[in-house]
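A quick write-up on the structure given underneath.
Labels A, B, C and D are assigned to the chains in the order they are written; within every chain, residues are numbered from 1.
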Amino acid sequence: MTDAIVYLDFASTTPLAADVAAAMHECTAAENIYGNAASQHPAGRKSALVVDHARQQVATLLNVEPERLIWTSGATESNNLAIQGVARTRQHRGKHLITMLTEHKAVVDTFRALEREGYVVTWLAPGEGGLLAADVLADAIRADTQLVSIMHINNETGITQNIHELGHICRERGVSFHVDAAQSTGKVRLDLSDAPIDLLSLTGHKFYGPQGIGALYIADFAAVPITPLVFGGGQERRLRPGTLPVPLIVGLGRAAEIAHEQMDNDLRHLRALNRRLWKGIADVADVLRNGSAEQCFPGILNVSVADVNGESLMLGMEPICVSSGSACNSTSGESSYVLRALGRSDREADGAVRFSFGRTTTNDDIDAAIERYRYAIKQMRSLAPGP
Amino acid sequence: MTDAIVYLDFASTTPLAADVAAAMHECTAAENIYGNAASQHPAGRKSALVVDHARQQVATLLNVEPERLIWTSGATESNNLAIQGVARTRQHRGKHLITMLTEHKAVVDTFRALEREGYVVTWLAPGEGGLLAADVLADAIRADTQLVSIMHINNETGITQNIHELGHICRERGVSFHVDAAQSTGKVRLDLSDAPIDLLSLTGHKFYGPQGIGALYIADFAAVPITPLVFGGGQERRLRPGTLPVPLIVGLGRAAEIAHEQMDNDLRHLRALNRRLWKGIADVADVLRNGSAEQCFPGILNVSVADVNGESLMLGMEPICVSSGSACNSTSGESSYVLRALGRSDREADGAVRFSFGRTTTNDDIDAAIERYRYAIKQMRSLAPGP
Amino acid sequence: MMPNDPYNQLVRDCFSDPQHAGDLTNEYQITSAATVAESVAGDRLTVTVGIDDGLIAAARFRADACPHLIAAAELACTGLENQTIGGLRDFDSHKIMRRLSVPPEKIGKILVLEDVLTTLAQQIEQSIQE
Amino acid sequence: MMPNDPYNQLVRDCFSDPQHAGDLTNEYQITSAATVAESVAGDRLTVTVGIDDGLIAAARFRADACPHLIAAAELACTGLENQTIGGLRDFDSHKIMRRLSVPPEKIGKILVLEDVLTTLAQQIEQSIQE
């Protein structure tokens, strides 16, 4: 078995694409761009120029106007800015908000914080196959509902919500709709030009861009006014002040451009890897697939067994880098709430392994992961006491 | 006169040090570090390791324990986290806060936002030489005062407050003390080991580190509890969740290390440049120095004339990149409130030029700036109508 | 010029090397100067014209103003030379502003130029009547 | 091993290649096995000892548990062999935890091992008395 690190944790963070690194390097070193993009002097204007270009690159990926994008430090901040921002601006109109139990922590914890402040949050459970049914959302919307936030692709399972359908319901009912697209941006087609989506969060490091940079798409600044989280200079329409990180923005822009070009190839590649991986482990006794092939993003394959300790399974998987549903790999100390919301038992959630892969993953990587997974499960099982 | 860009706007943002760029490049390219620092697998642990190392480098610069540092996206966020964070946590005890009129926008606008929420802010005016006198602060502290926020080095003038003396007053009176050290970190000695400072903000791109990364120093998490701005994963003690930007953190750490080593040399160099520059322009008719040599950080020289249009002066200064006190270079549309708080007239504030320089500035750069400044002033004056 | 430059090349050229900066001596049949000061920003603009035989033989300006107004004054002086004095009233500041790509928030400032020219026209008409 | 590794080298070695994993046949004068299950996380640990002439001739374990508990069980089995059965009661789990650098939040879990050994000691004492 391999001793070299095999990285299958692309849903957590992706390596920087070589072309992105090159674009950032060119910006800083070759073109010697370092000015403050808010400065009017020549050095500042050089920076503003590449920032504008990057904004266009991201806008092209989403098929929106570049002016609709606000740079942030990542999807955690984008989610918070969208959710807290709308909730606070609209609190005089109503304090009811809607989201799902299976959202990312950056959404869940934001709504929990708002609950502590007196907002009322409806937590919708996923239905069949992890999906939120349109009528369930429709029934949850009240007269005082101000915001619905539903993620696009789930970070643990890859389950993909029908955001267009859900967005249409929000639009019909006059409720703002936010989408956490941290896992889908740059990976699946996302045409926002006439999508019923008011706000959308993305982050660079999930699609081969740099860590520490993301964006929030805001369809209509007037229709969906947002209270900022931080105050300061006038950058980003006062919604997100602070000196713009020019090389990061250049990197994110280039990553968006590459993603736009490569998307079909990427997806084809991921589908093949996904099939190969599942084929290699589907016959492990009692293995469960968390999320079906039809409704899941192919870059993620999440599987559970109920009879092995999650933490030991993770150690047994080394040097294959995967993510687990177990308590010990998270700071929260509890097994995956996402998998439990899908109906998995504590033990099933604890024994879950998320394989996630990407553009640079090879068949050999997948084969090494299969071999290691089978071996680890076998070892754990052979070590276990009788029932 | 030179046609090449001469960058004298180091107080706005500094170019990335070559060694910092190299450290970041080594991290991503050579050592192939890209994992999520929160992941327990080998790729994640590699990242966590360099993050720990960087935290130690910044801690060494400030002479504090590394655990006291929280990574943020920059000083704007650090200031907001400190000020909003303490104000919100303590609001049941009292809603009175104190700051100065001459703070950076990231502090001023944060307090203004809190005022809109019902907090009461005392805005102290600078006294002699732009300094806040200890007794003025002492008199302003009330029984319900929760936080005092005073910047260390002013970004426009370089005026340096006696933060130790002011901090002692806060400590005696049991009030938390926050320092915006965006302009001083890595530039002047800042030993926080037994300083009466509870919170301190810093940002990487002001001392040759990357843009988009900063930190907040928190002396005692229990004594000064902070409400987070964003919610999400458990990163940074839940005070600032989000995937850690590993290469940026590595860059900030390296920048701190270099600053620590080079500080005495850097300061000596800046003092010489400052003297040279002032010598070259002091005899321009009616030129005023904003802040005296004794109380100012030598990397900044701010000068005013009252009889030229600030915006035209800026254009006349090109290709020397400097910053102005004029309305047209800011998003706020008003001339520098900092200079006006120091007693300058609107016209004097409008006609201000901030020269700021750094480690890589040469005598030739300074001489080019002197020549251009004299020329621009002369041109503007010769073009002006009679009185 | 970079696309995000607040000043287009014409502004930059007029600003850095204005051909019509200065005053006029009394060598013309009529020499007339007018100054307007804008109270908020403190901009001041003086335009002087020298008239011979009902034609503007020369026009000069002085300004303590932003680059756009300086450039506008320069273009105005260029345009006025060899015009009849009616040109002072017919002056089309909007055309100049378009050529200079004056940003919307600055249009108010540039109107100072129109005020100066109107004042000049009045002065000259009066001195001709006298 | 990296300094921030949650598992030290000893944990890793015991985990990846435990020498005392398994069961014992009835070739000893006394063979006794005890299992304790921890209710919260669902960890389960079985230790089996084979006693000959009052000495622990062999010790084996089975575990469905985290790496630290697996390693602790392995070390315990190694340490118990050739001890008197008093060793089951004298067993010092804190010494093992130090060797394994068990993080504070996990100490509770490792105490399962003490429970198993205490149970074993009781069983054996009882079977000797019978």
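The rule is simple: a residue touches a chain if its C-beta (ideal position, glycine included) is under 8 Å from a C-beta of that chain, and two chains touch if they have at least 3 such contacts.
Owing to the predicted nature of the structure, the values given are computational and were not obtained by experimental measurement.
Most remote from chain A, judged by the distance between CA-atom centroids, is C. If each chain is reduced to the centroid of its CA atoms, chain B and chain D end up 57 Å from each other. Our note on geometry: chain C versus chain D, Cα centroid distance of 96 Å, whole angstroms.
Mean C-alpha position of chain A lies 43 Å from that of chain D. Counting partner chains per residue, chain B shows two or more touched chains at residues 40, 328.
Annotation for chain D: residues 6 touch two or more other chains. Chain contact topology: the protein chains form a pattern that is neither a line, a ring, a star nor a complete graph. Considering their complex, residues 307-309, 311-312, 315-316, 327-328, 346-347, 350, 380, 382-386 of chain A touch chain D.
On chain B, the positions that touch chain D within their shared complex are 40, 45-46, 48-49, 52. By the touch criterion stated above, chain A contacts chain B in their complex at residues 5, 7, 9, 12-16, 21, 25, 28-29, 32, 34-36, 38-44, 73-77, 79-80, 104-106, 109-110, 112-113, 203, 205, 210-213, 228-235, 241-248, 314, 317-323, 328-332. Within the complex, the chain C residues that touch chain A are 2-6.
Listing the residues of chain C that touch chain B in their complex gives 6-7, 12, 15, 18, 21, 35, 41-46, 62-67, 70.
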